[in-house]
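Written below as structure tokens is the structure these notes are about.
Chain nomenclature is as follows: A, B, C and D, assigned in order of appearance, with residue numbering initiated at 1 for each chain independently.
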Amino acid sequence: MALPSGQPLLPDQTSLEQQNRDLGFGSVMSRQRQLRLLNRDGSFNVFRQQPKWWRRLASYHFLLNMTWPRFFAVVFASFVAINTVFATAYYLCGPGAVQGDVGVPYAFLRCFFFSVDTFATIGYGNLAPSGVVAHVLVSIESLFGLMTFAIATGLVFAKFARPVANIIYSKHAIIAPYRGIMGFEFRIINGSHNQLIDVEARVVLTRFEDNAGSPQRKYYQLTLERDRVSFFPAAWTVVHPIDNASPLYGWTHEELAGSGAEFLILLTATDETFSQTVQSRSSYTSEEVVWGVRFASLFQDVDRVLTVDMQRFDALEPAS
Amino acid sequence: MALPSGQPLLPDQTSLEQQNRDLGFGSVMSRQRQLRLLNRDGSFNVFRQQPKWWRRLASYHFLLNMTWPRFFAVVFASFVAINTVFATAYYLCGPGAVQGDVGVPYAFLRCFFFSVDTFATIGYGNLAPSGVVAHVLVSIESLFGLMTFAIATGLVFAKFARPVANIIYSKHAIIAPYRGIMGFEFRIINGSHNQLIDVEARVVLTRFEDNAGSPQRKYYQLTLERDRVSFFPAAWTVVHPIDNASPLYGWTHEELAGSGAEFLILLTATDETFSQTVQSRSSYTSEEVVWGVRFASLFQDVDRVLTVDMQRFDALEPAS
Amino acid sequence: MALPSGQPLLPDQTSLEQQNRDLGFGSVMSRQRQLRLLNRDGSFNVFRQQPKWWRRLASYHFLLNMTWPRFFAVVFASFVAINTVFATAYYLCGPGAVQGDVGVPYAFLRCFFFSVDTFATIGYGNLAPSGVVAHVLVSIESLFGLMTFAIATGLVFAKFARPVANIIYSKHAIIAPYRGIMGFEFRIINGSHNQLIDVEARVVLTRFEDNAGSPQRKYYQLTLERDRVSFFPAAWTVVHPIDNASPLYGWTHEELAGSGAEFLILLTATDETFSQTVQSRSSYTSEEVVWGVRFASLFQDVDRVLTVDMQRFDALEPAS
Amino acid sequence: MALPSGQPLLPDQTSLEQQNRDLGFGSVMSRQRQLRLLNRDGSFNVFRQQPKWWRRLASYHFLLNMTWPRFFAVVFASFVAINTVFATAYYLCGPGAVQGDVGVPYAFLRCFFFSVDTFATIGYGNLAPSGVVAHVLVSIESLFGLMTFAIATGLVFAKFARPVANIIYSKHAIIAPYRGIMGFEFRIINGSHNQLIDVEARVVLTRFEDNAGSPQRKYYQLTLERDRVSFFPAAWTVVHPIDNASPLYGWTHEELAGSGAEFLILLTATDETFSQTVQSRSSYTSEEVVWGVRFASLFQDVDRVLTVDMQRFDALEPAS
């Protein structure tokens, strides 16, 4: 992965060898011009044929990557569905299977509430099973309830324990004056309460260039003013100085947009909470790069304590 | 592990030194000719004397490596067995120990259903314990139930959280024209929903060669066109170009089969879900290598979205 | 991070380049003179605008970093709050919704105890729901109870499994005679029962120096007599010999205090229990450095077993 | 940790510098002559003053490192203790607090069984609380029960998930003829069902040598015929060839015993189940080294499957 910076990676080689340095996108993805390679949220612009819906639903990773509200909705729907199935079974056992007078006039509904009683292992006893078949169903449902609960607990914990680098990227990257020359800059902040350490950034520029008359996608790793910080207590502005070795040197906004340029951002860090390595990816297309502005300062001195004001994170000011 | 590629690892050294480079199979396994060293699923072709069946059953790794259907079958059988044991204990306490009329004519079955009631902590109360001994049994069973449930929950989560590189290997490897020469190729795809990154491949060829009249197993690491990808969004075709430095150079299908050749595939990757390093192993014997074909393209353009068609993953076409 | 030791890192460069070597504190934090950069407990002296109180409460990291007593207090308060909400709902269903005579004269309190019965899935049945609405509430509460319990279990385990390098730092660092010259020393011990191995120490001195009339913060990594130990069975005294290459060479206590000096301590280690890498940070300001003393010996020979006496960990003796 | 092999590490330096290379045992432990540094089970021969017994009991690591039988004994004792405390509280509420006739003549015992009913959230209802105070106690106990169960579940899973390199070391190391010279050898096997990969061995010889009339402890890293294997499917015999560069060259059994020699064994490996790095330590004193024998072969050909016979793992044969 040690791409030479500021130089075309493969100035005069065949597309097959270029494929070897494309980070793994493959020749087919690299030929796509209308698509961005990476989405803002770091996912890839490629889809596999979907598995059947029920396989998707049963997929651990599907449940793990859900937002919490969706996860709870799935849990709620499953709870209703399971109890409906068992309620039907109790109902089919006949009127004597579930006994008790609980002020619920409908027999099926009584069976449903009895099922909840059993599935959740409450067991008030105002509704109670009677007969061998009903008791066998109760045995099955109680085991089913215990295992379902074990799985739900496991999923909840897995959602908790999963390391997520909640890196927030500035909405726009900028190209602005920087120490006498120009610089490509974007800003990141840690969006979680967890402490990230040893944060490392890599920025790869990809664009189409004319290769003997036909456009060809090229990949360049950009040199950064600083590519690693030990600590990440506040915001970090990642800067690529556009010196004369930079592949951006002398390019205008229009030329960059015309080349289908995309800046691929790759971050790795250590999440201190569980000492796990986390990755974060994002990208800026040329439309998401603003020229001639600078980032507003984030810091305030509140009661002599250095304070980061998140409201100003995306704020841009005209460059002086 | 940095074996020189394209050269016999140990052209003229003793078998003891060769043993040092055999990846750890040891001299005894290396002498076996009729066996493959690695199975397709990555397991080793060696067995340790089995521990006693009950130790096997109690083994955490045994339960962890089970398929889910088998795991649930073990859970179900344990549930029935435990409740049978406790039912017997309640039954031996005499007819008064478990009281209540629940439409179950057989005393033992009543005890069994009462045990389920207790083990799953439902406790309807239509069956209830009576007497000191029954209550002591209830106390023991409830603790037992709680601990069993804790263990089951732990196992379920461990099965979830275990990183598994579900790499799917193409059914066959191929030897086919590749950029003017021949190439050894196989194809892999990520079979899970989790994202794998930093995937690294190593291919070791092992075969028997004539060493002063007696066959001797040799190990060669094959040079790959590309041995690492940062991203793995779609399929990856791993290619070993058979140039004149390759140990496959000039060999025919028949010669390779006669030498007992086996291609050992070793992959490492990072599973992004839990940021864990995962390994995957497989192997191709010479019977599993097809000559003179190529892999069918996997990609489709569905509604302008690049799509991978898993149906064609194993499809081969005649090489042009 | 391989800072040259014993040399100003950036003797004659601009503040922008210095910023590149500041471990990530950033130029804004580096300009602060009245603040220490790192607190004794390893946290940073910077604050982000607080999220709203309820987001804080819901934050996984917030709950994870709590002390156990506070965590249990939050759990207890949540338990009371949730049951109060459900008790109110049952109460609003009217007097017939929760039936039973349990010696509690107040209807709302009966509803509260019934809610506890349900939430904890006890279900004695001496209080029991009646009517459709009450049963629907019971169904919701039981699901709510199960999920809450799953979350609590996940949190408890996450608090357990979280690797914490409970390194105890001596209250004071010392500067004292050491092998003919002077040395900067501090002492650490493992405060947990877990075994730490491969412990590595890094000490960075930061202080303000006069730069063409204006004070500027500088960072120096100090050479250690030994910066890594494979094993950490007892205490480890970390020593920086103040030879003539040391940035402390020739400095007095007063000069150091005047420069706002702070010694940043960065430790990494492997926690053997879960084979996790753990970090620990601390710092000593010049006020916390005692001159001309030495650490008292920690070891005792108790019944011919080498024993560490924690009582003397912070004890200082006059240097001979 | 890259100690030069076959050479005294510190031929003519002071004890302070030697201390720097002692793997972290420190000068105090290194001066002990009557003690071995490492025990056979890999623990260190040093003790910290014990914390108070109740702190020990509450220690997560204490419970985590317990054997399963001891762990379950602690769980059982806690269960009895907690229910005794709550039974006492219910008993002190007076005879009306716990109502019901369950064939148990003693009021305290009834309270105890009621407490079990509540703590385990069974709630048959044949024993039921009455009055405000009893219900408040029930609320507290149910929360207490849920949290205790959450903690127990967390502990059980943590015991499961903890990576343990269950490396079994041969009872004796041997010094025997090896390829024309002598060799120091010991044998290891993986005692678990989990697969270990990338196993790496380091062997350090420590002994006392005469240093200007006073004995001084020296440390030597021994060169291994092979110090790493990628796979560990069967047993691995680790061999140090005693060539003329070896610190054992020319030493007799008696001389070695007289020098207080100890061979420290340090292994690292990757446990494939959870992809975790695991460590294992052990040591052989000169009394545990047998001269002039060799290890019996472990392999059997059972139905044409290569099989490891654990019964012969410690078996020694006279060297040919």
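The criterion applied here is as follows: a residue touches a chain if its C-beta (ideal position, glycine included) is under 8 Å from a C-beta of that chain, and two chains touch if they have at least 3 such contacts.
Worth saying up front: this structure is predicted, and the values here are computed from it rather than measured.
*Asks:* Compare the CA centroid of subunit C with every other chain's and tell me the farthest one.
*Replies:* Using the mean of the C-alpha atoms as each chain's centre, the farthest one from subunit C is B.
*Asks:* Across the interfaces B-D and A-D, which one involves more C-beta pairs in contact?
*Replies:* B-D
*Asks:* In terms of residue numbering, is the interface formed by subunit B and subunit C classified as same (over half shared) or different (under half shared)?
*Replies:* Mostly the same residues.
*Asks:* Would you kindly give the rotation angle relating subunit C to subunit D, two copies of one sequence, based on a CA superposition and rounded to a multiple of 5 degrees?
*Replies:* C-alpha superposition angle, subunit C on subunit D: 90 degrees.
*Asks:* At what distance in angstrom does the C-alpha mean of subunit D lie from that of subunit B?
*Replies:* Once rounded, the distance between the two centres reads 28 Å.
*Asks:* Indicate the whole-number Å distance between the mean C-alpha point of subunit A and the mean C-alpha point of subunit D.
*Replies:* Computed from C-alpha means, the inter-chain centre distance equals 39 Å.
*Asks:* Where in subunit A do residues touch at least two different other chains?
*Replies:* 117, 121-125, 149, 153, 157, 161
*Asks:* Considering only which chains touch which, label the overall pattern as line, ring, star, complete or other.
*Replies:* Here the contact pattern is complete, since every chain touches every other one.
*Asks:* Which subunit D residues qualify as touching subunit C in the complex?
*Replies:* Listed in rising order, the residues are 1, 16, 19-20, 23-26, 28-29, 32, 34-35, 44-49, 59-62, 64-65, 96, 117-118, 121-125, 128-132, 134-135, 138-139, 142-143, 145-147, 149-151, 153-155, 157-158, 161-163, 266, 276-279.
*Asks:* Please name which positions on subunit D make contact with subunit B in the complex.
*Replies:* 72, 75-76, 79, 83, 102-104, 109, 113, 116-117, 119-126, 149, 152-153, 156-157, 160-161, 179, 192-194, 197, 199, 225-226, 228-236, 270, 272-275, 299, 302, 304-311
*Asks:* Using the touch definition from the top, list the residues of subunit D that touch subunit A in their complex.
*Replies:* Result: residues 121-125, 153 of subunit D touch subunit A.
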